[in-house]
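What follows is a group of structures, each given as structure tokens.
Shared between the two complexes below is chain A, which has chain B as its partner in the first and chain C in the second.
Coming up: the complex of A and B.
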């Protein structure tokens, strides 16, 4: 009995963290290029709506996810044009954009609220799914959860082991030095901001078509964008640590649900809210790893990471 | 090999370059010298495609080239080593070396680093972090990168700033070898010693115009004259005050702040003295002033105000960055006056209006009490700053006091400062204009690499000795 519930618990973490991982990895990609995209909370909601509506209308999951990815890219295109090319503050544009996207999602999505829609089915991996514990934890999920698994090492490899990844990191560190070497920083930033947007869009559809299926107000994914943003900082702009953070958050959320059953006398709200302050607490711990005292502790040192030097600064190309 | 013909460059109304010609031959080291602001960096940025020229043509092997972007320059084999390392401090040496390279195989690139390091005698570990290296080593990485990219024309902008003597020897050896291999090397410098030991030919720039060209062996006298304009005769200057008691002393003061830091400064400033700090930009003058004001504390040694036990010695500092560090953008002239004086409990629109109008008249500030600080021109910002100096100030520290002022305002500024300096006060100022120092100061301190290498009363020295000292020759 204990064995089954542990597997259910871990499988729950793996699937509930999937959209967070996609969004946080997308944001990592964007920020590695030196661009802060603050619009993701709204963009997730907008693409969740778009994905749900398109999938419901066309009856095709693939088209639904593609529409969501496209919506995410479209939202970040605003940031690309206004910030990267017209030089306006990334923070201001991102903030305005997140609220615009949110309201747009509720407005355009209103006719479809609480209507029946499709849900991504579970695709067990043959043979592997039958393994005890490992099977249910890793191999009995929907395709989008597998995507989140694969995305983590893939992104790490891309950023740290390919020439394109090197250029990406260079642009985030020192766009002027890149320009001097014949790289066009704004072009690189545009590419990765849009790619990040696509991943954010997929995260939206992962919510509305798989993890919290359906569309309504509230959808249930509100606030997750901000968590994803915090996770990028938590993970020190490193995809593996960012993913670790997403699973930690998933763990805190699942713990809340389980503990609620064990301690029915404690108000349910405490367990629902607890992950957020705990996340802030871990952020503080991570930050301690950045000063000299904190560096003495192995775990803190492991978690620490520096932001790209040019993060949030618009590069004026002559 | 490369020829620049009649290059002009204007930034708005400012003429940065006017009709510059340059002809660099393969297998030679060509020096470009000139004062700060002579247009050397602008010329080099045009050559590397960083900025576009306003007019003129660039010929490479006799064919005209556009050079619109650094990418274009790179393809033509033009590479530049920037004064401040333009690299990626957080990445490894290998990553820095590979960034934007045509071939990005880590093994092959690491081998190239080893091979080139051995050839030139560098000791570099490809896996160490670029930011942990010294400036000289970061330069070596960049230099090897340019060599790997088959640059035929290498431009070096003040390459010996902030590097050790050992690294300098290594660098010079490398440059000579590259020259012998047939590369064209352009060396931008204001240090005559470097020019002498390396260059085959030198072009002098002054105020954006060509001011002469010389073939080896160089005539130092003529070089200096071309660099610093015709050495003018001293105009009538106000009589020197007799120095009184010490007002500021520095004993063995050292620091690593700034580009070159300060290196064992020993000096005493007396009441009644006007002291000019000369030297190339960033040779320690600014750090000296900040130290004298108390913005920085020395890592070693002692800064003291002998009078401070008896009474408070009021110090005033007018930094070169007037709007950034001296004034507050977004506040009006009147609000600045109010901040400097006694502020009333409530500030209504009439507060300080009369005093401000008086100050505007006395200091001939072109503006109204309600003009924002950033709405004033550079010269008027300086006048506003002067008007804020309290009369009881005894140690007045100024960085580039006449920058952006025309001759008339400059004279007026000095007249004002002199006539309002109390008998027991002193002025210390840094200026890139040698004329300013020779005319206004009673005493000159010349900074070179963070050390004072010359300390003379101005009436016992001349342009020749001071300008030699500025370039590191005593």
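Coming up: the complex of A and C.
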């Protein structure tokens, strides 16, 4: 009995963290190129709406997810034009964009609120799904959860083990040097900002079509974009650590649900905000881990990571 | 800097904002046409909902007051080069600070004194919450954007805890908030008004004082120096951290005051959504004002009109009220686009 509930608990973490992982990995890709995309929270909501409406209208999940990814890219295109090419503050544009996207999602999605829509079905992996514990935890999910599993090592490999990944990191660290070597920093930044946008869009559809199916106001994924942003910092701009952070957050949220059953007198909202002070606390720890004294502690060393040098600064091409 | 008259500067600013207004209006109208809505009908409905009587207009002003206060607070933090996203939490903590005093309601004090003390408590609550984000940045190395954001969620947790826990309504705790305060602790509001005159005067006074302080005092100049170049200001013996903390505390105090006025002047109790998103909206206002103080009262008035007018839209035209947010966002992004194009043309 205990064994089954532990498996259910872990499987719940794996699936509820899936959209967070997609969004946080997308943001990692963008920030590695030196661009900070603050529009995450609104863009997730807008693409969640687009994915839901398109999937409900066409009856096709694939088209729904594609529409969501497209919406995410379209939203980040605004950031590309105004910040990367016109040199306005990335923070300002991203912040305004997140609110525009959020209200646009509620405005355009209002006629579809609380209407029936499809939900991604669970596809157990043959043979592997029957394994005890491991089966239900890893191999009885919907396709988008498997995508999140695969995306983690894939992104790590791409960033740290391929020539394109090297170019990506170079642009984030020193765009001037890249320019001198014949690489166009703004072109690279555009590509990875849009790719990150597509992943953010997929995260939105993962919410509205799988994890929190349906559309309405509130949808239930509000605030998740901000968490994904914090996860990127928490993970020190490293895809594996970012994914670890996402699972940690999923764990805290799931334990909140369990703790709520144990302490029914404490309002549910307290457990929902509990991960945030913990997140701030770890960010402070991460900072302490950056100086030399902190590096001596294994745990702090593991957590620490430096942002790309040119993060948030627009490259002025002459 | 050339000292031009205020009229000349205002004229130049209006001329500069023409392309922004055209771009934003054009985009929003295109969107509305695509959805087969009539912009004229929408404007008419929004005007009918907010401008046709003093009662409705004072409703608009009751949105203008907290928005103007938050925007003034943000002028300080932006001047110091800080992105004070934690402002929502500062509004909430201000509201909590005011509620503490209003709930105590010491009988030996005349009610007006209690209200003034509650407003002071609101300022303190907001500024301490701002200070926390500031210390997290200067000592803990947590970027003020993420520290502030996290603290917003924490403040939301605290207010929910208070409303559902120690301050719960006699009988049953609910999202509708705490018990209503004694009538003599309400900010006096004349019959036919939706906004307390005292709140209105406070907001206007705060704006004038903020503007004077930021543009015409040595202290304001130092805050500006820190914002523009922290390294250089250190050479002039200006402690960047100290002025940054000062700015975020003033910003927090003004945001907290907005929260306190919402408690005693508008809702007469503490409710979970006491900030109503005015803090975030203030960030958009100051960005649209290009971080200058002069256009802030007008922009806040415009945003307050959008917010007040859009409440009627679902009833009159079956259009979702989030349209006001779409227009506000479109305005800010249009402004950023136009600024970008202008700086690019200038090289």
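In the analysis below, the second predicted complex is superposed on the first by the 318 of 318 C-alpha atoms of A that agree within 3 Å, B and C clash if a C-alpha of one lies under 4 Å from a C-alpha of the other, contacts with A are read in each partner's own complex, and residues count from 1 in each chain.
Note that in this section contacts are C-beta pairs under 8 Å (C-beta built on N, C-alpha and C of every residue); 3 or more make two chains touch, one makes a residue touch a chain.
Every value quoted in this text rests on a predicted model; they were computed, and no experiment measured them.
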* Touching A:176, do we find chain B (first), chain C (second), both, or neither? -> first
* Given the touch rule stated above, what does A:82 touch, chain B (first), chain C (second), both, or neither? -> second
* So, does A:309 touch the first partner chain B, the second partner chain C, both, or neither? -> first
* Superposition-derived comparison: chain B or chain C, residues of chain A touched -> C
* Which of chain B and chain C A:130 touches, first, second, both or neither -> neither
* In the complex formed with chain A, which residues of chain B make contact? -> 48, 50-52, 69-71, 74-75, 80, 82, 86-91, 95, 98-101, 104
* Of all residues in chain A, those that touch chain C in their complex -> 38, 78, 81-82, 85-88, 91-93, 95-97, 99-104, 106-108, 110, 217, 223, 226, 229-230, 233, 267, 269-270, 272-274, 276-277, 279-280, 283-284, 287-288, 290
* Could you pull out which chain A residues touch chain B in their complex? => 163, 166-167, 169-170, 173-174, 176-184, 306, 309, 318
* Within the complex, which stretch of chain C touches chain A? -> 35, 83, 85, 136, 140-143, 145-147, 149-151, 153-154, 156-157, 160-161, 164-165, 173, 280, 283-284, 287, 319-320, 322-326, 328-330, 332-333, 336-337, 339-341, 343-344
